[in-house]
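Sharing a structure, written as structure tokens. Questions coming.
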Amino acid sequence: MADHAVSGLDARVYVEGRLDAALTAQAGQVVAVIGPNGAGKTTLLRALAGLVQMSGSVRVAGESWTEPPRLVRDRGLGYVFQDQSLFPHLTALDNVAFGPRARGVRRRDAEATARAWLDRLGVGDLSSRRPGELSGGQAQRVAIARALATRPALLLLDEPFAGLDVGVATALRLELARHLADYPGVALLVTHDAIDALTLADRVVVLDRGRVAQEGTPQDVAARPRTDHVARLVGLNVLREGEVLRSFSPRAVTVSLHRPEGSARHQWHGVVLSAAPHGDAVRLLVSGEHELLADVTPAAAGELGLAPGRQVWLSVKETAVQAYAAD
Amino acid sequence: MTTARTLGRPPLVLLVPAALAAALLVLPLVSLVLDTPWATFLDRLGSREVGEALRLTAVASGATVVACVLLGTPLAWLLARVDFRGRAVLRAAVTVPLVLPPVVAGVALVTALGRTGVLGPLLREGGVSLPYTTPAVVIAHTFVSMPFYVLSVEGAMRSAGERYDVVAATLGASRWTTFRRVTLPLAMPGVLAGAVLAWARSLGEFGATITFAGNYPGTTQTMPSLIYTTLQADPEVARTLSMILLLASVAILAALRNRWLTTP
Amino acid sequence: GGDDGEQRTITVLAAASLTETFTTLAADFEAAHEGVRVRLAFDSSATLAEQAVGGAPADVLATADTTTMDSAADALAADPRVFATNTMVLVVPADNPADIRSFDDLGPGVDYVVCVDTAPCGKVAAALLSSADPGAEPASLEVDVKAVLAKVTSGEADAGLVYASDAVAAGDAVTTVEVPGADAQVTTYPIAPLDQSQDAELARQFVDLVLDEEGQQVLRDAGFGAP
Amino acid sequence: MTTARTLGRPPLVLLVPAALAAALLVLPLVSLVLDTPWATFLDRLGSREVGEALRLTAVASGATVVACVLLGTPLAWLLARVDFRGRAVLRAAVTVPLVLPPVVAGVALVTALGRTGVLGPLLREGGVSLPYTTPAVVIAHTFVSMPFYVLSVEGAMRSAGERYDVVAATLGASRWTTFRRVTLPLAMPGVLAGAVLAWARSLGEFGATITFAGNYPGTTQTMPSLIYTTLQADPEVARTLSMILLLASVAILAALRNRWLTTP
Amino acid sequence: MADHAVSGLDARVYVEGRLDAALTAQAGQVVAVIGPNGAGKTTLLRALAGLVQMSGSVRVAGESWTEPPRLVRDRGLGYVFQDQSLFPHLTALDNVAFGPRARGVRRRDAEATARAWLDRLGVGDLSSRRPGELSGGQAQRVAIARALATRPALLLLDEPFAGLDVGVATALRLELARHLADYPGVALLVTHDAIDALTLADRVVVLDRGRVAQEGTPQDVAARPRTDHVARLVGLNVLREGEVLRSFSPRAVTVSLHRPEGSARHQWHGVVLSAAPHGDAVRLLVSGEHELLADVTPAAAGELGLAPGRQVWLSVKETAVQAYAAD
């Protein structure tokens, strides 16, 4: 483990009462960090950046950042903060140019770099605005530009797509994917969106209550979620039975108004909590012994009167269920 | 951004004490103005003695503000941002000159920098004799004014918080760069308020100055010293002189505050 | 001393009560000595004495009592000589709100002020008050005699103990009332050139001016007594 | 939150001027301490005159701080938050007492509130005679100290900004509730700094006090007045007295600052 | 129009250079406000709250808020700010209790109300924390609790679900839907998420560059989007041809490596920008003359090698295309 991480990230982070996690990533990898609110995602990023009192060790590109402690400014970071934290007294341009200038780039060059990044993120025309005069999404884009403009060795992105409109988010995902593809350092991406994790990341780390609950490739994590949170995120139903987890797609669920016949194991009674369009289907959230998702056709939804409050039976065929160890 | 109207009218429970405070501060000034023998105002203004004192006052208070900003800002930063042993002691020590009656401050300066003072021999070897010179005036003014400046700036740096300093560090900025481009600009309202406080304190200072630097027209006699001296001989004239000092400073203050201190 | 044609300056440290007289004398001195400027620094005698000992660049020291002059002995270039005397009087504002006609009218209900006993004038006042007890404490102990006078002329006090010279200087603003036993408490004003003088000759000449008839006339006009 | 180590050591370009500033402020104090005739210290401390002056100083400075907080806070709020005609003028007027030499401040108070002053007849009819009383001391102290308080608090309220006031309004809070529960708590560092400034200024005050309120043991003689008058007669004793005032205030300051002013 | 709005909201808001929009809603309605970053959504909410200089008129429940201007505090608002704006010096509990207390509720009762709301939003155990000690999502939940605790007459929610994890967001949608169902006032909900708009709203208002670009029921807007932004949001392809808009689902698009035969009108050449899982399908973003979405099966995606950079032809059958007036 220590071996293959020499050129990447190898961290063991312990923050009193908030986080106890180990993390490795190879150079060039994008690691998605997912988990529910308060799981410790931001804490992990802040600890790696040196902004939070931690114990443990952090090695990046073969060098220790903890023995002796490396100054924050020497860590070569690009950090998109969850709350943006744009300098309120500087214009968008000066915010983005700050990093290059702090690293000794001449004013003119730094500003050219900054302008290029702002253009790339579609906010070039707002370069002379102060953060207070930007909309939420515009500020978020400036914050991303600022983090990328320094060509960092470790990229820490805390929900970079939050508050962005769908067009920009898509474009930005592409932009970021392109950028990250030939990015030599390690990138950590905190997100609440399955698409980010699945399209941008090489690895996914699932945090839960300050611990790593699961780790693996996006495909693996998406197919065999170990926590309710991930199951929700990727839109699967997951049931825990002792040491075994069983997952199945909402599409595999049959909805009926009366108790279906067949094996009792895979049928549940419940009440519809919500019904919302999902692609071409209607997705139901049904609450009973478990909270389960079920997709039905709009026609069926209308026919069966599947509005919130309706009592229904759900069933799923054994062949549609995937079982794996919870370990 | 917000119209005052939609936030509502100021409540009486705040307006009444505010009016009282304003009255307490303004009334004495107004009666001083009413009591001034304006007929002789221009004559006095033109006198050589007054001219010299005004010039020296301007020089001394200007130099004091510069000294406070150059030396006091780093000290305020140190107290606000760096955790070191003895910080509490240093912080208390910085505040002490505030408490000293000005004359005692002058005595303290004499015992430290006077000819027979602690540093006297050292200064004499360097060929420097401070007392009774204009630099001594500036030192006395700086000694009494600096605490106001440091307290104000330290407070502003504290309330601005370390948050953006940290952001600057993640962007690779050294502490000096951070200080210049982030900490200082964000504390600017406090820096300006502190500079005004220090400047005003320096404008009114004479106790420490007379004791440490003497009271000689042209070299160490500032307006307040002149007013003090004149008060002994001719209170009427002293009032006129006060009015000159007052008007000059009000003009400058009004200009400063409206230009720099009004932006929120 | 400076070269011919160049401005020569002497600095005179004088007690605050000498402000008017020394300003006149300095002007006379400048008129008599072409190219000479007299800088005057007025303050309390104690402050001036301390400055003189501290090496203040000055040429002449004139104080309002002998004690302070003695404390500056180390800085003197010659023995001090008495050039004037003063006695205490009671002054009341021109409109005399408390209707004080004699020293005996001081008493409860009258706000009168005197010098604090750490000041030279205060020592004299204390002695006077102990011999002719008015039966009431003063309202305030002022830091110097000019402060006492200011309280009276501004109407803040009903009466105050000041030097005769101060009463003369105040002119119509005050009415003077004799103080019983004042003659027994005479204040003397000594003057002396200073060691650190850069122009001992001029300093001596200024001292002479104060002591000779011209100077004495100015002092008499201002209400001072003869040495 | 952040270890100083990871932000880097303070740079020399800041450390050197900070050290200079600290030296300028601390050295005179140290030599004053060295020069104090400690042998007689306790004797003086026990004397009745000193006891009375200390008591009066404590009472006057305490009352001054209370007056500043009660009257000055609403005034600072008015200047920081309410847009009214004449705000610039009022703001300049509030700053003026800073510039007045204390003795002139005393003269101004006399012309306004003295027996023959503008409000004198009014006060006399009300049966109030201010001069030579302890309330007059407090008024004089408040007059010279309030500007420091108001400036400091106004600055803090400005830099805290109106943002949270607006949020409070959306939650249905009146301006008074907003002031109490949002504006004031957020400006607290400035309020505390301002209170310290005002208190310190009041502790050292004597010029305006002697001129307006007089100087009589037990009713109007504060420590600085006592020190000033003693300085004329016996500088040694005056130094001892200064040291008493100084130690008392340092003790209080250190206690205050460590308890309230250190929290960031 | 003015008639039916008497018991609801009837506003005509003009903010210099930023917004020029009219808006009506009936009492009890939930209006979703959508639009790209910088469209003026936040500005609209702030103007209605009285926090921004505006001209025009606002009438709520038959009373004018503009003639004469009504004090902010008397408008009976519940405002979830985009940046939360929790009072930094108050605990979570005191933040939530602030509104009731400001309206005269006794301390004890206000705190009980606050505690109930915090519990309801799943952050009851954090009630004594200051905002600085909360994670982003936890702070967001406290902000929502604060806005709801005052039983407001006009509810302004600026991206209330941003930064919330998927489980909480789902639960909160349900909670909010339940709350809004018997909520007598008007609620405005700014969102970048189609699900919010479709499941929670009675009406959708689409803002674009400070103007109302479209208005209607969620179903209507989703079926016949008039702006690219909405098309993206609901996952449709929309093409403008003069006065006519044509929309079609990504599922109706056929992807081939060679030029298909047939009518030239509905075929386009382009390059794959991204390929990401979407439900059971793989969704392609293809850029050519237009940017179009196409869903293919994972099998087809593998077979055709549909990775970013690949040149493809897209086609769609006329029957799958819906045409409507752009007006």
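A, B, C, D and E are the chain letters, set down in written order, and residue numbers restart from 1 in every chain.
In this section, a contact is a pair of C-beta atoms (placed from the backbone, for glycine too) under 8 Å apart; a residue touches a chain by one contact, two chains touch by 3 or more.
Because the structure is a prediction, the values reported are computed rather than measured.
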Other chains in touch with both chain D and chain E: A, B
Inter-chain pair with the most contacting C-beta pairs: B-D
CA centroid of chain A to CA centroid of chain C, Å: 87
Chain C-chain D separation of Cα centroids, rounded to whole Å: 35
CA centroid of chain A to CA centroid of chain E, Å: 21
Residues of chain B engaged with two or more neighbouring chains: 1-2, 6-8, 166, 169, 174, 231, 235
Where chain E touches two or more other chains, by residue: 51, 71-73
Multi-partner residues of chain C (each touching 2 or more other chains): 47, 144, 150, 154
Category of the chain touch graph - line, ring, star, complete, other: other
Touching pairs among all chains present in the structure: A-B, A-D, A-E, B-C, B-D, B-E, C-D, D-E
Residue numbers on chain B that touch chain D, as the complex places them: 1-2, 4, 6-11, 13-18, 20-22, 24-32, 34-35, 70-75, 77-78, 81-83, 88-105, 107-109, 111-113, 117-119, 139, 142-143, 146-148, 150-152, 154-156, 158-162, 165-166, 169, 174-176, 179, 189-190, 193, 196-197, 200-201, 203-207, 223-224, 227-228, 231, 235, 238-239, 242, 245-246, 249-250, 253-254, 257-258, 262, 264
Residues of chain B that touch chain E when the two form their complex: 1-3, 5-8
Interface residues, chain E side, partner chain D - complex: 49, 51, 71-77, 79, 81, 85, 87-89, 98-99, 102-103, 146, 150
Contact footprint of chain B on chain E as seen in their complex: 50-53, 69-73
Residues of chain D touching chain C in the complex: 110, 114-116, 131-132, 210-211, 213-217, 220-221, 228-235
